[in-house]
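Report on the structure given below.
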Amino acid sequence: MMRKFALLAVTILFLAAFGGTASAADTIPVGVPLAMTGAYTGSGQDYFKGIKMAIDEINEAGGLLGKQLEIIRYDSKEFAPEVVMQGADYLCGQKKVASVHAGWAGWGQDVRAYGKYDAPFFADDGSQAAVDVFREDPKKYYNIYQLTDVGVEQAKSMFRLLMTLPYKYPNNKVVIINTDDSWGVEVGDTLEKSFKEKGWKVAKRETVPYGTNEWGAILTQIRRIKPAIIHVEIPSAQEVITFFRQFIKRPTKSILSYGWGITPREVLQNLGKDADGIVGEMPSGLPGPKAPNPAAQAWIDKYVKLYKHQIPAGSWITYTAVKAWANAVKNVGDAYNFKAVNKYLKDNGYKGLLGQIKWDKDNVLRAQPGAPIVHYQVQGGELIAIYTDPPIKPYGNYKFIVPRWIK
Amino acid sequence: MLKVIDIDAFYGQFHVLKKVSIQIKSGEVVVILGPNGHGKSTLLKSICGLAERVEGRIEHNGQNINGLPAEKIVNRGIIYIAENRELFPQMTVLENLKLGAYSKNARPHEKQNLERVFTLFPRLKERRGQMAATMSGGEARMLAVARGLMSNADLLCIDEPSLGLQPSLRIEVFNIIKEINRQGKTVLLVEQNIPRITDLADRVYVIEEGRISFEGDSGEALNNEALKEIFLGM
Amino acid sequence: MSFKRMATIMGGTFGLVAAAPLFVGDIRFIMHILIMCLIWAVVASCWDLIMGFAGIFSFGQVAFFAIGAYSSAIFSVNLGVPAVLAMLLAGLFTALIGVLVGLPCLKLAGPYVALVTFGVHMTLMPLLRGKIGMALGSGGSVGILTIPPIRIFGYSFSSANLVPTFYFALLLAMACTAVILVVIKSHWGTAFLALKDSEDFAMSLGVSAFKYKLMVFALTSFLTGVIGAFYGHYIGMISTRMLELDLFCTLMVMVVVGGIGMFPGTILGAFITVIANELLAPLGTYRAMVMGALVVILVLLLPNGVMGFWLKPAEAEAPAA
Amino acid sequence: MHFMHISEDTILLLYEIVDVIISGLTNGSVYALMAVGLTLIYGVTKAFNFAYGSFFNLGGYCAWILIGIVGLAGGYFSIFLAVVPVLFVVGYLLEKVLVAPLRKYEDWENKVMMMTLGLALFMDNLYVVVFGGRVKSLPPILEGTLEIGQLVFTYLDITIFFLSIGGILLFGWLLNNTRIGMAVKAVAQNPEGARIVGIPKERIFAATFAISTVMVGFGGILLSQKYFISPMSGGAIMVKSWVITAFGGMGSIRGGLYAAFIIGMMEAFVGWGFGMSYGMIALFILLLTTLVVRPQGLMGKS
């Protein structure tokens, strides 16, 4: 019998050995908790591309404070509460990482988990829930940085865009479709409120689960309503593509607004020029296809060369966050002086490719010239930036084109 | 034709057959008698490759067939005909019969066998479109025998064909078996008891508690006082 | 397996685990993993009790776990019920749901039972996220992020002080698994064995399949609910993300590793699986692949799970008759 | 008198209802294709295959490789021709190597469920590793739309509808009119009886598994043109197929067919009348009430 308990003892020792040591002293460990398995794997891969690109650049340029950066990944799986917490304890508590770079990270759960530590933590939750947690105790959560504005503000920006378009709406009816997760509900609620305040009629508001691919029942109602605007807020490619394919069978004369849903890169890969006319947004984005300055253009070219596809949402801003953190560390002179690094980040922000970026009092990177919300329209099968916010203004020489199904 | 040499058979933890040996010659009708649960059916299943675990030798035309999968044994011309209606309930009589001719050995003869079966069992011909599940006990028994004949086998191992039938039907079943034997098939028959055994059987074995307790031709069996009362239903 | 041997294995395992804080007490990450192991050990054991012993192929264990966590959180956050009492209430509430789910299930064949119980799992997510959930205080898709920790005489057990919380979890896990052990070795256990062998045979002994199966539904959902409630108070937050498939699969791996119907194998299974999962973590996407392959291989080669190493040949599950 | 007068609203409503019915039929044909293979395998072997959804994607990915990487000429006809044997062999071998050895255990049904769940986990993540987490699509077999008055159909939907119904009918015909089909039915009805007449039961089990793999893979190729190939979608497809087969009665192909259309229709009408998010809840209410009244499902045998 004792022999068998020995087995257990060995495994426990194993565990101790496994968790035992922090990284070697000649590298600076950087934590990257992203979904590597499960339903969010795709977005996790996109975020990682931006982070990896930045870290590789820093390492190629001789590292940070003379030390190479070492990526320590953690699989956030499907963001179950204990997994999020475990990630924080593993990366910050165990691996003693100098900073944590995430994308979608837990929509509030992450703030609690990483707020226990001091290493700067960058998330792309875009969620009011996460900000609400932050506001409970800004001192405690001072190391939490959100890389995009919350859904509410993004939705307001989308609404402003829709109201600014050089196009006369034939009526004041809108249909809003959104997913049943916090993001979808947040955007849907805000849009509904904004439209109502403006005197529009929200003729239909539908909350759908992920995986909805058969749209006949909704489209048939849309065809009766004939709304001037259809807003679909589903941050997943499959659903928005099937919606469009079924919509375009017999389209109504409506502006089709896809919000964030236009950014997953399969949308355009699959729809190509068919999608011409759809509008959508990317928060904390880099306007394209022609960037506003040569440095940004060089970045786009490099990214496309590296990964063989256009920039999906999140890649650029996670890249920028790594650079912002590295810059702060360089100025402070010590990656582990978290108080100073956080203070530097908070006070100075970072001068990125599009100019200065700065976190606000909630540590949220609100829409700002250095990291604008970019509104796109699909033209010629490509995402063309037509407006940037703030303030809502036309971008470059690009113009909104009335979709072909309206003419 | 078939020699069973010292086989042991097991069902789960139970040792069902203990060193059983029997022999069947071509053209014979061999009857195995014995009380319920003493291993008669297991012996038949052992021969046909349907038993769970069998040790020993079973020789068919000089070759050991113990351990072969059931379909290989069917292909060699040995068929098991079940006591407990192992028919396909949601299929018609005709479909059941056609499946009886599934084995490679039977396929080329399907047509002529079907004709033969219908001559033997005119009632099945009338009911060929009926679902097996809806047939009466006697008819189902006939269908089971008929399905066995469709396999074109030379050796028919028939397991208690008369179980639970009324006396007149029992006689009919035995008459048919005799007729089949007359047409050239070897028959190995298991029953609890058989009336007028000399009319049917060439030789008789008795199995008790997993062992052969008697072996001899039907005349000898009839003269054996112990057997007479218990098994021969006289 | 004898009561004594089962108890020895359990006692040995828990005893070893109890000593762990002496070595790793200051490593948050490992203490957290150990607490999670204890939690999963209870859930997996409940699953094993219902599936391995009672022979009911229930897929609702994660759902019951979530129901327990949510109801306790809602009781304590919205109604101000003290955490310990809320946990108990949550257990009772989950048991009630368990009985309600069990009622229609007991007349169904295996895959149907699996489907109906999994249906509870599947409907829970939209329910909690939707208007009904919001009205009940589920926090919708955000979840509940401010669950108070368990407090006893002013002393709180939370993720802030892991060592005491660990011992609290240990006691709870020991209590729950002890209940399971007693059940298995009691009249109930015998009844289940009889039921498994043959329902007709059991009926002839006067064992009512219905009554016992319903009781096992109630008991396992009660224990799962309580431990789910503990999970909520310990982590301090819950969300519908618990109901994604990852947790479900991991729990299943635990049961397979431990051996189906081989209690207390599931306790070992929970520890081994969590540790393997963490050791495989550097593999990233490959981890889940390896875990899947592991299930396949274990089912094929180690039908009794790790308990196969402990079993005497006669106890091992022999190929069927 | 407005005796025969039908208002414009009524006409619009009628159109809407026809639209919903069409949507329901489209759903139904898709579901039918998904469910029949699953119900077949349960009916014949009593094994429940949880990796079913992963085989759906296997078909899709095979086609994607052939179109995108190999660049196979000859359109979908040659793709079906190439993929079907691959799926058959994969299914056959998996049954022989992974499922058959489990049959010797008393609780083999449970073990098969566990094993196939593990297999699903393995396959889905293998797809992520090999093909990446992002969804892939296949070009439609036929482009364009057909307009009849107010109603619009895509040729793709029509193709899917007829190919899936045709496929199922063909399958049913083969089951009733070929030797191997009859053998499959025989094993389903009475495995021991099948063994007696010399049907190699084990080989039929493997063949059934292979056939069901082919069917679901075929469904995968067809539906991936309308929806997508997504590595993690196997679970959702599995659950849908499971609900449909259970509702129809596991093992009953006809039941599965009816169930597919009833559920497709119900989803369309619930989505139209109450909202899409109620689809799942409605589905389980329907399933539960059915199972309470008829524990063996719509057409299943008790």
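As written, the chains take the letters A, B, C and D, and residue 1 is the first residue of each chain.
As a convention for this text, a residue touches a chain if its C-beta (ideal position, glycine included) is under 8 Å from a C-beta of that chain, and two chains touch if they have at least 3 such contacts.
Here the structure is a predicted model, which means the values were calculated and not measured.
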Once the contact rule is applied, which chains count as partners of both chain B and chain C?
D
Could you compare the number of C-beta pairs in contact for A-D with that for A-C and name the larger?
A-C
Whole-Å distance, chain A centre to chain C centre, using C-alpha means?
35
Geometric centre distance via CA averages, chain B-chain A, whole Å:
75
Averaging only over C-alpha atoms, locate the centres of chain B and chain D and give their separation in whole Å.
43
Do you know which chain C residues sit against two or more other chains?
126, 130, 245, 285, 288, 321
Considering chain B alone, which of its residues make contact with at least two other chains?
none
For chain A, residues that touch 2 or more chains besides their own
37-39, 41, 180, 207, 209
Which residues of chain D touch chain A once you look at their complex with the stated criterion?
12, 15-16, 19-20, 22-24, 26-27, 125, 128, 132-137, 145, 147, 152-154, 226-228, 230-233, 236, 267-269, 271-272, 275-277, 279-280
Which residues, counting only chain D, touch chain C once they are in their complex?
42, 48, 98, 101-102, 104-111, 113-115, 117-126, 128-129, 235, 239, 242-243, 246, 250, 277, 280-281, 284, 287-288, 291-292, 295-297
What part of chain B is in contact with chain D in the complex they form?
48, 50, 69-71, 73-75, 79-82, 86-91, 95, 98-100, 102-103, 106, 147, 151
Interface with chain A, chain C side, in the complex: residues 8, 12-13, 16-17, 20, 23-24, 27-30, 32-33, 36, 126, 129-130, 140-143, 145-146, 159, 231, 235-239, 241-242, 244-247, 268, 271-272, 275, 278-279, 281-282, 284-285, 287-288, 309-310
Contact footprint of chain C on chain A as seen in their complex
1, 4-5, 8-9, 11-12, 14-16, 18-19, 36-39, 41, 73-75, 77-83, 85-86, 89-90, 93-94, 106-109, 112, 116, 127, 129, 133, 136, 180-182, 185, 207, 209
